[in-house]
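Both complexes shown next keep chain A, but they swap its partner, so chain B is in the first and chain C is in the second.
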Partner chain A sequence: MRYRNATAYRFLTPYLLIFAIFWVWPIISSFMISFQATRTVPWRFAPGFNWGRLIGDPAFFNALKNTLLILVIQVPVMIALAMVMAVLLNSPLLKARGLYRFAFFAPVVVGEVAYSAVFRLMFSLDFGIVNKLLNTVGLPKIDWFSNVTPAMALIMIAVTWRWAGYNAIILLAGMQSIPEDVYEAATLDRVSKLKQFFFITLPLLKPVIVFCAVLSIIGTMQLFTEPFLITERGGPGGGTETLGLLLYRQGFRSLNFGYASAVAYTMAGLAIAITLVQLWLTREAK
Partner chain B sequence: MSSLASARLKRSIALHLFLTPLALIWLFPLWMMIVFSTMPDNGIFSPGIELLPHGNFLDNFNNLQRDTDFVGAIVISVCVAVTYTFLSVMLTSMAGWALARYQFVGKSVVVAIILGTITLPYAVVLIPQFIMVARDFKLANTWVALIVPPLFNSLGVLFMRQSFSMMPDDLFDAARVEGVKEWRIFVFIALPLARPMLAALCIILFLASWNNYLWPLLINSQPGSMTAPVALGTLIGLTKVSWGGIMAGAVMLTVPMLIVFVLLQRHFIAGIAAGAVK
Partner chain C sequence: MANVKLTNVVKRFGVFEVVHGANIDIKDGEFVVFVGPSGCGKSTLLRMIAGLEDISGGEIAIGGKVVNDVEPADRGIAMVFQSYALYPHMSVEQNLSFGLRMTGNPKADTERRVKRAAEILRISELMERRPKNLSGGQRQRVAIGRAIVREPQVFLFDEPLSNLDAELRVQMRVEISRLHKELGTTMVYVTHDQTEAMTLADRIVVLRAGHVEQIGRPLDLYDNPDNIFVAGFVGSPKMNFIKGHIVGRGAKEVVVELAGAEKTRITQPLTDAVPETGSKVIVGVRPEHFGIAGEGDADLAVAIDVVEHLGGTSFLYARTADGEDVVIQRDAAKVPDTSEVTVSIRKSYLFDEKGLRLR
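For the complex of A and B:
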């Protein structure tokens, strides 16, 4: 291809302009703000102010612990579930495929606010349909909102419901791009379906799984709406407080932009570290 | 042969026995959303189990409209989502075109930056974006604030680049020999050819804007400038509020998207499968 600098940049300019204003500058600016004391007018440079506070802040460690806990449990469960959905939706034995696809993929179009509201109602203590159903099968009701463990479980259930189908779509597309004859050859050699899954599908799908995992981790890392709306601002008593919620509280309720920026950069650091580990894991296998 | 057929049948039955309950569980919250939206509040908060819709949707909608100007918020959401989708599709397809079809200085840098931002949490830019738009540009509570800052998206560009780079060279070279200008080639040859991909991108971008919550919550917090999800969100957790009304709002936000999803499922799935926009 011939070099066409002027033409290329004419097409790229609007995009790069938006990128520079709303991403590049904020990334730099956020970093600098995290080294400033922002509750004085004018802001002043104080390198240890926010980061020093971060290291000794129990609220930060609580949010970090909750976020990592959700991350470690919810993401693997969801990816595994998405994998089950994708494998079964891909089965040639399945009838009425469209209906099943609709059931699993429909949550993808549902907004966070709408589904948070529904989950709140469904899980309410005395009048929630979930507790009523638990009662009918003889199980005790669960107080989903006043105890930490059920509240955390509820957040994980909600997020899994919303995103499992999304990941299943990506995994299913990945599976369908694996050439059919690989499986045909394996079937001729009398390799069982289960073995085919573990020794053909999984290894070939690894990059797709990693892509799903990375997107899910970054999404869960920033979890905000669900603990904000479902468990009422991270309740009970900060039991479902996440880093996203802490950032919101510090930045936009207390208007402490410096501290909130330090929290944001911690999230970014974690996301980048986890992503690098995952990329490294996939490279190792090749 | 017959034992093979019966083994197949057994496996098929097992498959459906497992998948059907799972599918019903998955549909349950959506079904309950519709059921709740048609029940009066004293029905929602009663000890009985109600699994079928009632006839109270309009009353619930009136209650919602009394609690917040939801219709006004819907109008804002629709206008913003349409404008956003149009601008974002233009921006990303232009950038995708440049990356797919031209060689230029700094290309690898641009690609690396775009790839890098995929794994960067949005939280990092949130605070400076807010300070800039609200304090420096004084654009809080305007449509511009809702539309412009989210315009940058990386997966959409990669999706369009992929689409354009799969097109045959001859097509464009023939036009170039005729002396057709590059922007005309882009608008009149490349874009029409990319129609299925553009459809997928449009759906995903529209949905992203329609459901966007955090940024509109922060930047357009004045009543009268809120988008529909934000307006609905303000009601959740209030004590004197109609939950039937909230559910009616949730249905109004969700059901149109479900219909679009059913009608355009192929494009939808193509868009998500390409990892278009999270």
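For the complex of A and C:
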């Protein structure tokens, strides 16, 4: 048995080497860098330099506030929307189901730059279709890019558009794993379709919903593309700057890798903490 | 309690007709079993009675009221599913009371019904458990309990015992029989297991490929099958079929010679039309209707391949001179110790070439 294990590990060695160099080492290295003052060369060990700055940095708290705001509003809205989409996709009445499934999933495979450019165009003040539609129904134009609240809303709309379908497909897979005869039993029990959804589908889908929520929380904590490309580097005036963007700005614009590493570890820590709280709140009763 | 009447019931899935005009009259309080091989349409018929499948043609009436367009919940039926269909996230108590709670039934009445069902099925001590913490037999009891709390006019069972092991199946079979006696409610039960059908039913409906082949009391089907399919399906081990042809005929009888056994001639009295001499026929002999040589209507020489000893009874797996397989039932004490033996045919059934019974 020992010999067979050794053979297996020899085959695994090339992968494990690459894994150690490009995955394990950066994690360790960035953790060590977070304890170094990296604004001057040579870098020096100063444990309180970055972590101390983090506690008092208004830019960090602004990015944290924005990230959490998006998390609290966008994730529940997106999962609720994904649930509605999954229910519709699961309906036996729906024709061309495969086409709809593809359509809902398509945003995930569209290039980030391309979709961001299209969103900028759609929400443009003077030429965007969104403002034209608002005008058509008698509402005033919105300057999506110059005011903080509309800009945040735009980020949330964009992220929701991109990921709701993806979550809907996961929820749909969960829904289809619920045996049909459970619903038939409920139908014979005179339980309405709406009550079947709330008392059978939702409770049985709980593990899948938690999975989607955890994935979304992790994704939102790392949110970068939309505020970088759509609202132009967290604009207006840092109004949509997220932790991911702050990390990028510190690490790759200011080359302050120590502080960027501290921000990265904070993001990871927060994602783990929020996920653990969520898992605890939705734990299965014994 | 109510009677159930199916009149020319047809089911089509697209262009495929799977049930071809079934006529079945189930009396009030009767236990009727639909039996047949896979794909014969027995579950489809049951689901049509439940309202879970649309009726493509004909009429289904429960308690004298046509229910073709009545919602499943309004038909006065309760159904027990093959896979139990319990709500996995609810306790046994919640599973039993769910339907009543959702429809706003008074709490006291719900509690009374749940308590009664739990007592009938002896599951009172399991009320707080989830389905995943129950054994197969316990899950089946809960599924039956859920049907009982509805206090239906008709119980529908869709192969309820097929997921249980052999021992539990026998136990639950007795339980269901007891339940029928206790409640006296009309029960319609679907199974592919002829033993279940024979032991449970007041009457059996034998189905094949969407056709009702025969309806009758278990022993009537066993003793007096209408055709070769029913003869072969009812009884375990199944009836033996040996080819033969008619070598003589009288006004009310025929003489049949078995293929490959010129000396084996059976005289069969017939009340219907007597077939022509030379007509090919099939002779059906149940395993227990073979006797010791010289005891019956005719003797047949067979070569024994395998003997199965089951204690009091033994089964002899043998071949006729024509190479046809036959199963012979014998008392364990009377099993011959030679491989070539002659057995007598004490009772036999005659079928024409199409498989219809010649009476």
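We take it that the second predicted complex is superposed on the first by the 268 of 286 C-alpha atoms of A that agree within 3 Å, B and C clash if a C-alpha of one lies under 4 Å from a C-alpha of the other, contacts with A are read in each partner's own complex, and residues count from 1 in each chain.
Please note the rule applied: a residue touches a chain if its C-beta (ideal position, glycine included) is under 8 Å from a C-beta of that chain, and two chains touch if they have at least 3 such contacts.
Note that the structure is predicted; figures quoted are calculated from it, not measured.
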Quick check on the superposed pair: does A:Gly219 touch chain B, chain C, both, or neither? Answer first, second, both or neither. first
Let me test your reading of the model: by the given contact rule, A:Phe211 touches which partner, first (chain B), second (chain C), both or neither? first
May I ask you to decide whether A:Leu99 touches chain B, chain C, both, or neither, giving the answer as first, second, both or neither? first
Counting touched residues of chain A, say whether chain B or chain C comes out ahead. B
Under the stated touch criterion, which partner chain does A:Arg283 make contact with: chain B (first), chain C (second), both, or neither? neither
Taking the superposition on A as described, I'd like to know which of chain B and chain C A:Ala186 touches: first, second, both or neither. second
First (chain B), second (chain C), both or neither touched by A:Ala173: first
So, does A:Leu121 touch the first partner chain B, the second partner chain C, both, or neither? first
Touching partner for A:Lys195 - first (chain B), second (chain C), both, neither: second
Across the two complexes, find the residues of chain A that touch chain B and also touch chain C. none
So, in the complex, the side of chain C touching chain A is made of residues 50, 52, 72-74, 77-79, 81-83, 85-89, 98-100, 102-103, 146, 150
Complex contacts: residues of chain B adjacent to chain A: 8, 11-12, 15-16, 18-19, 22-24, 26-27, 29-30, 32-33, 36, 44-47, 49, 51, 90-92, 94-95, 97-99, 102-105, 107, 110, 113, 117, 119-132, 148-149, 151-152, 157, 182-183, 186, 207, 210-211, 213-214, 218, 229-230, 232-233, 236-237, 243, 246-247, 249-251, 253-254, 257-258, 260-262, 265, 268-269, 272-273, 275, 278
Which bits of chain A are touching chain C when the two form their complex? 179, 181-182, 184-192, 195, 199-200, 203-204, 206
Report the residues of chain A in contact with chain B in the complex, numbered from low to high. 1-5, 7-12, 14-16, 18-19, 21-23, 25-27, 29-30, 33, 85, 88, 91, 93-95, 99-122, 126-127, 129, 132-133, 136, 161, 165-166, 169-170, 172-173, 211, 214-215, 218-219, 221-222, 224-225, 229, 232-233, 243-244, 247-248, 251-252, 257, 260-261, 263-265, 267-268, 271-272, 275
